[in-house]
Amino acid sequence: MGMKSDIKLIDDNGLRIDGRLPNQLRPIKMKVGVLQRADGSAYIEWGGNRIMAAVYGPREAYPKHVQEPDKAIVRARYSMAAFSVDERKRPGPDRRSIELGKVISEALESVIFVEKYPRTSIDVYIEVLQADAGTRVAGITVAALALADAGIPMRDLIVGCAAGKVDGVVVLDLNKEEDNYGEADVPMAILPRTKEIALLQMDGDMTYEELKAAMDMTFEATQSIHKMQIEALKRKYMEVE
Amino acid sequence: MSNSKFTAGVISEMEKNYIHRLASKGTRIDGRKFDEIRPLKITKGYVERAEGSALVELGNTKVLVGIKIEPGAPFPDTPNSGILATNAELAPLASPTFEPGPPGEEAVELARVVDRGIREGHAIDLEKLVIEEGENVWVVFVDIHVLDYDGNLFDASGYGALAALANAMVPASKHELGDDFKLPVQHYPVPVTFGKIGDWMVADPNLDEESIASARLTVTTNEEGHINAMQKGLSGTFTYEEVQKVINMSMDIGRKVREIILGDSDGKED
Amino acid sequence: MSNSKFTAGVISEMEKNYIHRLASKGTRIDGRKFDEIRPLKITKGYVERAEGSALVELGNTKVLVGIKIEPGAPFPDTPNSGILATNAELAPLASPTFEPGPPGEEAVELARVVDRGIREGHAIDLEKLVIEEGENVWVVFVDIHVLDYDGNLFDASGYGALAALANAMVPASKHELGDDFKLPVQHYPVPVTFGKIGDWMVADPNLDEESIASARLTVTTNEEGHINAMQKGLSGTFTYEEVQKVINMSMDIGRKVREIILGDSDGKED
Amino acid sequence: MGMKSDIKLIDDNGLRIDGRLPNQLRPIKMKVGVLQRADGSAYIEWGGNRIMAAVYGPREAYPKHVQEPDKAIVRARYSMAAFSVDERKRPGPDRRSIELGKVISEALESVIFVEKYPRTSIDVYIEVLQADAGTRVAGITVAALALADAGIPMRDLIVGCAAGKVDGVVVLDLNKEEDNYGEADVPMAILPRTKEIALLQMDGDMTYEELKAAMDMTFEATQSIHKMQIEALKRKYMEVE
Amino acid sequence: MGMKSDIKLIDDNGLRIDGRLPNQLRPIKMKVGVLQRADGSAYIEWGGNRIMAAVYGPREAYPKHVQEPDKAIVRARYSMAAFSVDERKRPGPDRRSIELGKVISEALESVIFVEKYPRTSIDVYIEVLQADAGTRVAGITVAALALADAGIPMRDLIVGCAAGKVDGVVVLDLNKEEDNYGEADVPMAILPRTKEIALLQMDGDMTYEELKAAMDMTFEATQSIHKMQIEALKRKYMEVE
Amino acid sequence: MSNSKFTAGVISEMEKNYIHRLASKGTRIDGRKFDEIRPLKITKGYVERAEGSALVELGNTKVLVGIKIEPGAPFPDTPNSGILATNAELAPLASPTFEPGPPGEEAVELARVVDRGIREGHAIDLEKLVIEEGENVWVVFVDIHVLDYDGNLFDASGYGALAALANAMVPASKHELGDDFKLPVQHYPVPVTFGKIGDWMVADPNLDEESIASARLTVTTNEEGHINAMQKGLSGTFTYEEVQKVINMSMDIGRKVREIILGDSDGKED
């Protein structure tokens, strides 16, 4: 957030540098069941993001001392391929990946009936193959599909989306340039049925009113993303039948 | 992963029910109101040889923050800016559940949340920390050392960082780069954390409360009432209304805490 | 150590006997002939922002290879040569037996075998990658990302690396070093791997076959019919005659695979 | 030891750069019971040193294979805060910290009745918050208080102190400049009742007579430091009563 | 392989830079039983290579999860001393050592009756004290002696040797300069009785005919190296009697 | 932590009593006197390609020390001084209790004790190792490789380091920095270690003695009879008188050992 720049992110017609309206999402494509070995898997293209998610479990948690006697543990691992970003990223987890893995794990756990599978782990691997801002919320969205594909019982199909502020305007779903040079970013994950908030982060500078506007925008967008999730699941399971 | 390292085995089912019952009656295990934080004491300059430092006591939680400032190369994409680097150590002396070894995910999240508060709130005017454009800038290391853990490290660490920065000098003379000068601190973004217990939101949860909270929300606001950072944690959820309520309460509490941080206490613990 | 990470618990004694029986009748569990590889599909340019990339599907095995090219200092003993650096990640999404963490011996062997094929086969004309002699050269990073593991990673990764290199551009303009240019690829050394099942040699073993193979042999040959690299694996042995047979079959298969790699498929998966 | 320098460490009156006599200690302050979570804790200011010690245990030793069937294991960890020294120290143990942890563990074990607590560990964490030479001996001194505060049965209250040689003169309790530019350093830990030596290291250049003089000086000083330990414990337990 | 150079590796008389004929081995000396603590040990000098091997086992495999219920696991660790090469090598395993440890483990397992010792490990440590090309094949050769010295039952005494191509000529047993500036290297390990191939690697550029010539040369050489192994074992066990 | 890695399970209660009984009669398990070290054989130049090397056999303990010398940048606070860097590897071939992996606390202590002996005894005249003040100096790497472990690594390693240094050449010509020259070794600080068994002090304890010793003391003295380093180990204690006695015996033994180190043996083991 907030690197100084002369780039004009909103033009005189109120359009963004990729031609979108403030409350417009980037193009999104989803596919369920893209890997053979995983218990569940899915793939998402969201703007320039390309992200794959795989789920293993419920399976006996290992090492044993991490087992919980009364529930499954949910372990999401967020990782970026070395070639996913402009400058090659050294392989292995950095501090950002570790934090994102933690908050994504907590968000996913909020929808899973973990008490059904004591002593097990549900491992969710989110691999960012190409990154274009908003990877954590796209990662949650695709992880939800992989969990459904793995047959994990959930109380809702969780959806991620972000809003933020660029050139003083509240906008939905920041792209890479907006993320780098904008003023604020608010990634969220929502339970579309109950509208509960399972992930919420924010950084930048926003008034209370701007923040509410951003959250409202995200709430609305998650409903349409949720529909795409349902469509993607139908495509997979109609093919199967 | 859940926050098991912080809270494992801390509290029994009976205590848990007790805390819930108290909450339903509008009170807390230590008698505080929902929007009341624990006694806060800040001792600036605790470690005289650091460029800045502060010992924070928030109830029984004790955190020492030290600032070191050294010259270094700027990042290639920000040649006109000093560097902020934040690190947190959950020293094993602070809790039976903290283990020696490289920082775990809890320490990483703590360091990153404190870092984001300072960075996104533009607490330091990093542009005033350039020695030679593109070649040499001041690097500000914020090191958080947790000494005694009784809950709510985010806030205790954030307060310690702000107080230590506010009291830091840039050691220019030591490096033959002119006179020492006060670190240019321009904003005071203050984090306030709430825990969700049942349907109640309690400010500054202590360890017992943290252990049974279903969700956690930290909101960092500055002296202009702007929001600079938020971080939700744990596997529970919030409603939209709950988030709004927490933000408003955080702003109120933040104002009071900012006064304490800016207070003129300066010296060692006696 | 044996290859237990790859195959642990994958196959039962009954299946094992079944595969052996099939082999004695000249066929394989998926109906292939001994010298027949699985369907091979290569999607070049899968990751547009990488300097080059290719998604390889070899049966159900899926590997994504991305190329990044950056300026860097040459090695002191080769001041007139660009640098090739190959890395492999057995991402845990690809198999229940792959674990998060630093590369194990399987990943290291995979990266080194792919690297040797490219390097010893002089696939890239590294001498054309010098920016300033002894000071600055292009570093070509080949990153292998295994996505779905159904056996024979050596070949899938090798094909992906060649296809990604063939489609890579050197990003000179981004670094203000002139116009972008095609990475100079001059040879196409193609690896082909055989597994030994009983006394039979089967090309491109799938996971079930890999689990029961006693020995493995990878032979990398180029378009001139020269041999550039070999790697034997597992605790079984080969006779001299078996090695000769494998080399000859590898050359034949390599020719066909080279055509597929050089094919003009270029674009994203639909 | 022994960096070349033009600094005069002993003046014409035989006084040291901080005005002390050769056999004079720096000011020392101790406080027992400074942390809530630890089973025992203490804090020491010794010259410019600020050191905190905490004790956990006896508790079941983990991982299990380190357990000893007939005694407790004593594990001291010596660590320096990043900001404790002039140039920021990278967090995490360096080789010096590892060695000091080992010799301090051995010294502390010499006074603890380890055979009373088989299969357990007694973990002693020594955190140097500000360093000013002599941290290992100050660390042992404050660790002894933390062990006492934790109620660990000991056959004596161990005391650490160092002597050395600067500008050819044998002196007690080196400060930072004396440590950097002096000729020898002899850190020791003593059992004050029996006068046994539990820790002894030395580096530099000393004749046999000089070494004996340094050891004599330390023996004498440990008796007065020991009295301060007793006072500190009294202050804590009088407040309690 | 294949660094550019003006060095002439084969002179006008067809001799190599160290005066050898194309199919001539470097001088080799072996000694069995050179260490006291190990269950078996041996030492080899092969050209400028100085390599020691030690065997521990069969012993209970640790950690337990690596145990195999029906056989011993064979774990060879190849490591080079920091001072074994021209430019000091950082201690600890690099990627090359890890790969060599793996292929050597597999080669050694091919001759050991592993099914006799379920749940155990047979640990083979190969320490390169001075390196001069061909360390992996010399390492296998000396490891075979150490295994025999440890009394591990084997179906053959495995032998390693390499051939390659320099200045267009197929030659046996490359030395350091030939390895650096030559055109191809083919390290092998052979079971001398049955002539099975237990290790085979190759890198460089060779025609099919050249490769066959290299393999033939190696097969022949391994027979004479095998005799030296037998002699070395006799020397040890005659001294004993 | 105790020295369990070195001695775990080495010796039975019966043997322990036996060694104590022998000590009470003035003798030791291998027949030595209390102040007698095991046979010491030093082979200098064992690894010809290292800049210096020595194989030490102290009874059955076998340690190889190699010296590498390379140009490098000096430390900022000592621009006029070469650099000494000491490392120790407890190679797993040397003992069933040594495990592969990064150096544990035993290896770290060993390296640091040997390093202090050399450094504080000013064995090397580091001021003669400056190539260009503040820019470039010779870095002397002392690498200790333990091959066979039968007790008392401190002394065997220390002797190996001194002998290897005494026989080392600075490879200036290789780096086009003039002619090679002998490494300037000016002092020979020799460590001698005693174990305390019951109330007896035994020199150069072997593995069995080390396993039952309650305390250990290493004293390093130079040719002028000055003391350069001491290191006490294990959880037992010494009296003042015992320390004095050990120092005196160490000086005596050190003198004899110094002669062996300075002896003209130079060549490979036969």
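General observations
Each chain gets a letter, A, B, C, D, E and F, in the order it is written, and its residues are counted from 1.
Definition applied: a residue touches a chain if its C-beta (ideal position, glycine included) is under 8 Å from a C-beta of that chain, and two chains touch if they have at least 3 such contacts.
Everything quoted here is computed from the prediction, not taken from an experiment.
The fewest steps needed to get from chain B to chain E, moving only between touching chains, is 3.
Counting steps between touching chains, the shortest path from chain A to chain F takes 3. Common neighbours of chain D and chain E (chains touching each): F.
Rounded to whole angstrom units, the spacing between the C-alpha centres of chain B and chain F is 48. Computed from the mean C-alpha positions, the centre of chain E lies at a distance of 32 Å from the centre of chain F.
The geometric centre of chain C is 58 Å away from that of chain D, both derived from CA atoms.
In chain E, no position touches at least two other chains.
Taken pairwise by the contact criterion, the protein chains form one closed cycle in which every chain touches exactly two others. Each chain touches its neighbours in a single ring, whose members, counted from chain E through chain F onward, are E, F, D, B, A, C. Residues 1-4, 68, 73-75, 95-96, 98-99, 101-103, 105-107, 109-110, 186, 191, 195-208, 211-212, 215, 219 of chain A are the ones that touch chain B when the two sit in their complex.
Against chain D, in their complex, chain B makes its touches with residues 46-50, 53, 60, 62, 64, 66-68, 70, 87, 89, 91-96, 100, 102-103, 141, 143, 145, 147-150. Residues of chain A that touch chain C in their complex: 35-38, 41, 48, 50, 52-54, 56, 59, 77, 79, 81-88, 91-93, 123, 125, 127, 129-130. Residue ranges of chain C in contact with chain E, taken from their complex: 1-2, 4, 77-78, 80, 105, 108-109, 111-112, 116, 119-122, 217, 222, 225-240, 243-244, 247-248, 251.
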